[in-house]
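One chain, chain A, appears in both complexes that follow, with chain B as partner in the first and chain C in the second.
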Partner chain A sequence: MAIKRPKGSFLEKNLHIIFPLPAVVFVIVMMLFPVLYTLFLSFTNWNLTSGMPLSIVFLKSYQKVLREPRFIAALGRTFSFTALAVAVETILGMIVALILNREFRGKGFTKLIMLLPLVSTPVAIGIVFNLFYDPTIGLANFVLTRFGLPRQAWTGSAATVIPSLAIVDIWQWTPMIALILLSGLASLSSEPYESARVDGASEWQIFWRITLPMVTPTLLTALILRTIDALKTFDIIYAMTGGGPGYASETLNVMAFKYSFEYFRMGQASVILVFLFMLVLFMSLLIVRMRKSLEL
Partner chain B sequence: MAVCLVISLVPCKEAMMKSKLMLVILVVLTVLSVGAQQKEIRVLLANHPYGDLLKAAIPEYEKATGVKVNVESLQESQLTTKLTTEFATRSSTVDVFMTRPLQEAKMFYKNGWYEPLTDYDFSDYPKNALDVATFGNKAYLVPLVTEWEVLYYRVDLFKKAGLSVPTNFTELEMAAKKLNSADIAGFASRGKGAAAVTQLSSYVYNYGGTYLDKGKAVFNSKEALDAIRFYGKMLANYGPAGITNMSWENIMPLFQAGKVAMWTDASVFYGQIVDPTKSQIPAENVGIANFPAGPKGNTPYIVVSWGMAIAKQSKNKALAADFIKWATSKELAKRGMLANITMARNSAWKDSEVRAKIHPGLIATQEYAAKYGIPYDRPYMSAVGEARDLIGEVIIESINTGGASTKLESLARDKVAAVNSLLEDTGEYGVY
Partner chain C sequence: MRAALIRKILFFLVILAIVVPVLFPFLWMLTSSFKTQVDIVAWPPRLVFSPTLQNYERVFREQNFLKYFTNSSIIGISAVSLSLLMGLPAAYSIARYKQKRLSMFILIARLMPGISFLMPWYIIFSRLKLMDSYIALILSHMLITLPIIVWIMSSYFETIPIEMEESAMVDGATRQRAFLSVVLPIAGPGIVTSVTLAFIFSWNNFMFSQVLSMERTRTLPIAIYNFVSYAEVDWGAVMAAAVAIMAPAIILTMIFQKYVVKGLTMGAVKG
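Showing the complex of A and B:
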């Protein structure tokens, strides 16, 4: 049936513009403008501590910031934190999803419990984990000593702070990966499994040869979401360590925050943010491309 | 929203619709104008005991004046962030706000965010408190709260160990050694880089050093480095585990749980330490003593930690001026003192009711610090946030090596150069 193009009023003629207008306005005002403005700021030397008006310096701020050892260290930390957290989350998430994919009593309740970390406020999580990690009065060391294990400094030492923060991220986000994978697993057809069993395949072979290839697209979706999010992690790190001890847990986002709201070097902070934006964009494109090549 | 409404309604051409719309607009405008007739001001407070006290008292002010006070309370660094963002983007509707003189006043003044207070009576304030409130010959903020560094100690543990309260660094170290056990840290003080800078300052002063001298960074002097080494040694040997990530908010729960024997920090925390709902230590077991003397005497910091100011771009300056007079009044200062908040007004300390109630240790240490103390606890400069991080690196290196680091001198030299270049960038190098 052909759609009859309405004649008459302005409203009816322009429905195709008017209906998406609020969404377009929203994207321009709330998303596009901030990104472009940050890009503009990154070409300036805007610095509130000098009390001087901003002037355009083009790539000077880039030259300064991108070469700083502190920036390079923060970049490395952003990657190591993301890699550690996302890798563990994916493996654990897969295991949990496989367990939950079977029928057992209390399955619904277990799924409900698993949602709790996802809906918790990151800052509250940070405060609770800080108490938990406290080397003197925290529960974590109490449990370790009960099992005869040595006490740890957790977030109090440069050597253990990144893994300690990753544990919090893992605690919070493994359920999300598990739930995404679970939906992927539930949608798989049972036929390949039945024929594999008839042919005498082991459970491991079934997982490795059938389940894993079949859920890979779902897995990659979960990976994209988590990687982008983990690269940008700010709240938990800021609430728990503020980037410390020293700069030992300072990721790009935390560094950008410090540059803007503690050092008031707005121009240079924008450089870090533009870089982070490009990085996240690049990583997402990479994963999307990987997913496409796997689907072909 | 309104645009969409207008666009969608224009082509309707129906008189009925139009008159209805006009009616709605009229009603909305009437409501808005009635609302606008009530006088309102917007006040930003810190999550600080005095901020809480004010927040609770504001209904009294509203009742007496009929002015509606819209209050927002924020944690201190978020307060700075919010004020900075609003002022820098010139979009602020803030009229009155709490401000940290040593942390942000220089920058706020430079950017022209403070309204000068020409019509305020400052006669009840100590001179060194007014120093940080004044730029040129005008005052820009009212000092609210002062704090100075003290030694908190556990009376019961000292008695049990047969120790007397340390009066100098040698005795401090001996006491820490004796009180330190597997279960209790003999000594604690902030170890988290930038946060430690303020509490380290009294150590530096008592060793004869300082952070800035005549507008130049000098914290790599032998005196300052001796102090930083001593601080690092004390915390590494007798401090709680994980100290390099601990500020007061991490140490206080340990003290309250009875895990710390001595703690040097700001006087402002006494009220919370002995709060029976938070602390397992009975108040009579918590002692307050003067900060211990060092090789070069005893001049702990005493600073105006909080002040109150009017925003330059405020459109309600008369209302704001009236509010600030009330919020910094003698009466409220007394109320603050009775709630264990150490106020800046001189009269608040002379009040007999206050003196009868407040811990004698607070009165004695305040008197000492007011007489001999130094009114700065950090490098006083616009880029103080960054400078604190840089000094913090030296502190952490010292703690991590128990004060024995062989590269402390070269590290401090690098950081001094970095702080000096910050001073140059902001036009403050050599200016004092």
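Showing the complex of A and C:
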């Protein structure tokens, strides 16, 4: 219910402006200006180490970055990492949510366990997985050899590094999708289920025809939020491989970080960032659109 | 009867198949933190070993970990408190005046890649000689904590019936007074949720501190990262450090479990 007539003092009349003002000013100063500044820098060739003043080169930095094979590879990798991680998380998360969506002893405890990865420090988690993946002493290779499978280099080889990193992301974030879906499932009304059972529908039919359509809005929002975060994944990649071996696990975020804070090529780093936040912005607008259309 | 029992056992096994993989890295981290280097590098990996506390000793004595612990706490607590101060009135206004666009604007801070503000901050904070200062770190962490607080609290305030304030206002209270003395006191659960999550995400942040902090204001995630970048990895000490970093967030989660679940899943479930 919205408020109709403001009355009283200046503060009370303008409460809807004064109350959010500090937060809005903060976000404008700390986020909007920096983002615009980054946008501006992307039209320059500024290099912090060269000692030269920045000069505006318009689209030259864009040309340079777009011609860089390292950038194209990082772009593709950002997509493949995200697609792999989010796809597995969604499927696993759905399965887990369907299993947990009933009353049983220890349900509270199970949900507590599922929360733990979500609140864990990603850098620390990355390092724990590095111990698993260690080619000589790691548990991962021990398990493989036990099953008679060949040892893997995991994060040590270009061929396996992306899936190995995706496993960490999947471990950490599948529980989030599961928990979101679980609360979505819990809010469904039982009526359609009862009538479907009366009509003799199988569990499989019930899932496809009733459950899935009803949780789709929840699932989509969870999926998009997760996609945005996966596109931005930084901590575990930087901590586990630093983008290596070579550039084999370098995503846009990691590449932009290196361009900014290792090579100090601010102009080109800004170009990479412009691409990254266009991606994120696109996904964010998708959320807004989808919510609007689903609520109608 | 027997069929029911078998079903029960099968279901229990399925639950185990969910819980064990989630829990396993934590258990491995915890046990490794009590192992000597010899036990850690042993092949095949040892499950039975004589536990030692020397890793924890090393981390806290030699690595100055307490200082980083304090830094993380100072930065997290300050960022959360300041965000509450700004975020609660904003969230209230968003909820009561239906300021959807405003809420979207603040939410974008949560969605944007952090590095797109970090690079300009780095340039500006260097100019202002604010690198390695608590101010710079607190301000940067507030961009993590503020959106979480606004997001959670605005949906929470929406669940509080507007009649609560209206009856106070009929009695002559101003709207701002009604907010302070009627709405806030019953918003406890929402505040707990948002504060817990905001603090945890500030505590876990790596990127901002990695760039803006040096020795004086270094936070825990950076400390553990630096540990590993040395040539020979002292796995026992690193695992002890990992346990120390994650313990506060995990303890908070256990205490406020109900709230944390709500906070993490709300918004996605029809909002």
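General observations
The rule we apply is simple: the second predicted complex is superposed on the first by the 268 of 296 C-alpha atoms of A that agree within 3 Å, B and C clash if a C-alpha of one lies under 4 Å from a C-alpha of the other, contacts with A are read in each partner's own complex, and residues count from 1 in each chain.
The rule is simple: contacts are C-beta pairs under 8 Å (C-beta built on N, C-alpha and C of every residue); 3 or more make two chains touch, one makes a residue touch a chain.
A quick note: this is a predicted structure, and the numbers were derived from the prediction, not measured.
Under the clash rule set out above, the superposition-derived model of chain A with chain B and chain C contains a clash between the two partners. In the superposition on chain A, A:M176 makes contact with chain C only, not with chain B. Residue contacts after overlaying the shared chain place A:A23 against chain C, while chain B stays out of touching range. In the superposed model, A:S50 makes contact with chain B only, not with chain C. Of the two partner chains, neither chain B nor chain C is touched by A:L66.
Ranking chain B and chain C by residues of chain A touched puts C first. Once chain A of one complex is fitted onto chain A of the other, the partner contacts of A:G244 are limited to chain B, with no touch recorded for chain C.
Within the superposed three-chain model, A:F261 lies in touch with chain B and with chain C [touch as defined at top]. By the document's definition of touching, both partners, chain B and chain C, reach A:T136.
In the superposition on chain A, A:A153 makes contact with chain B only, not with chain C. By the document's definition of touching, of the two partners only chain C reaches A:F234; chain B does not.
For the contact definition in use here, the residues of chain A common to its chain B contact set and its chain C contact set are 9, 11-12, 18, 22, 48, 130-131, 136-137, 261, 266. Put simply, chain A touches chain C in their complex at residues 1-3, 6, 8-9, 11-12, 15-16, 18-20, 22-24, 26-27, 30-31, 33-35, 37-38, 41, 48, 96, 99-100, 104, 106, 108, 110-125, 127-132, 136-137, 139, 142, 171, 175-176, 179-180, 182-184, 187, 217-218, 221-222, 225, 228, 231-232, 234-235, 238-239, 253, 256-257, 260-261, 266, 269-270, 273, 276-277, 280, 283-284, 288, 291, 295. Within the complex formed with chain A, the residues of chain B that make contact are 4, 7-8, 10-12, 77, 80-81, 84, 88, 107, 110-111, 185, 191-193, 240-246, 250, 253-254, 257, 259, 382-383, 385-386, 389, 392-393, 396, 422, 425-427. Of all the residues in chain C, the ones that touch chain A in their complex are 11, 14-15, 18-19, 21-23, 25-26, 28-29, 32, 40-45, 85-87, 89-90, 92-94, 96-99, 102, 104-106, 108-109, 111-124, 139-140, 142-143, 146, 150, 162, 174-176, 200, 203-204, 206-207, 211, 220-221, 224-225, 228, 235, 238-239, 241-242, 245-246, 249-250, 252-254, 257, 260-261, 264-265, 267-271.
For chain A in complex with chain B, the residues that touch the partner chain are 9-12, 18, 21-22, 47-51, 130-131, 134-137, 151, 153-158, 161, 241-242, 244-246, 258, 261-266.
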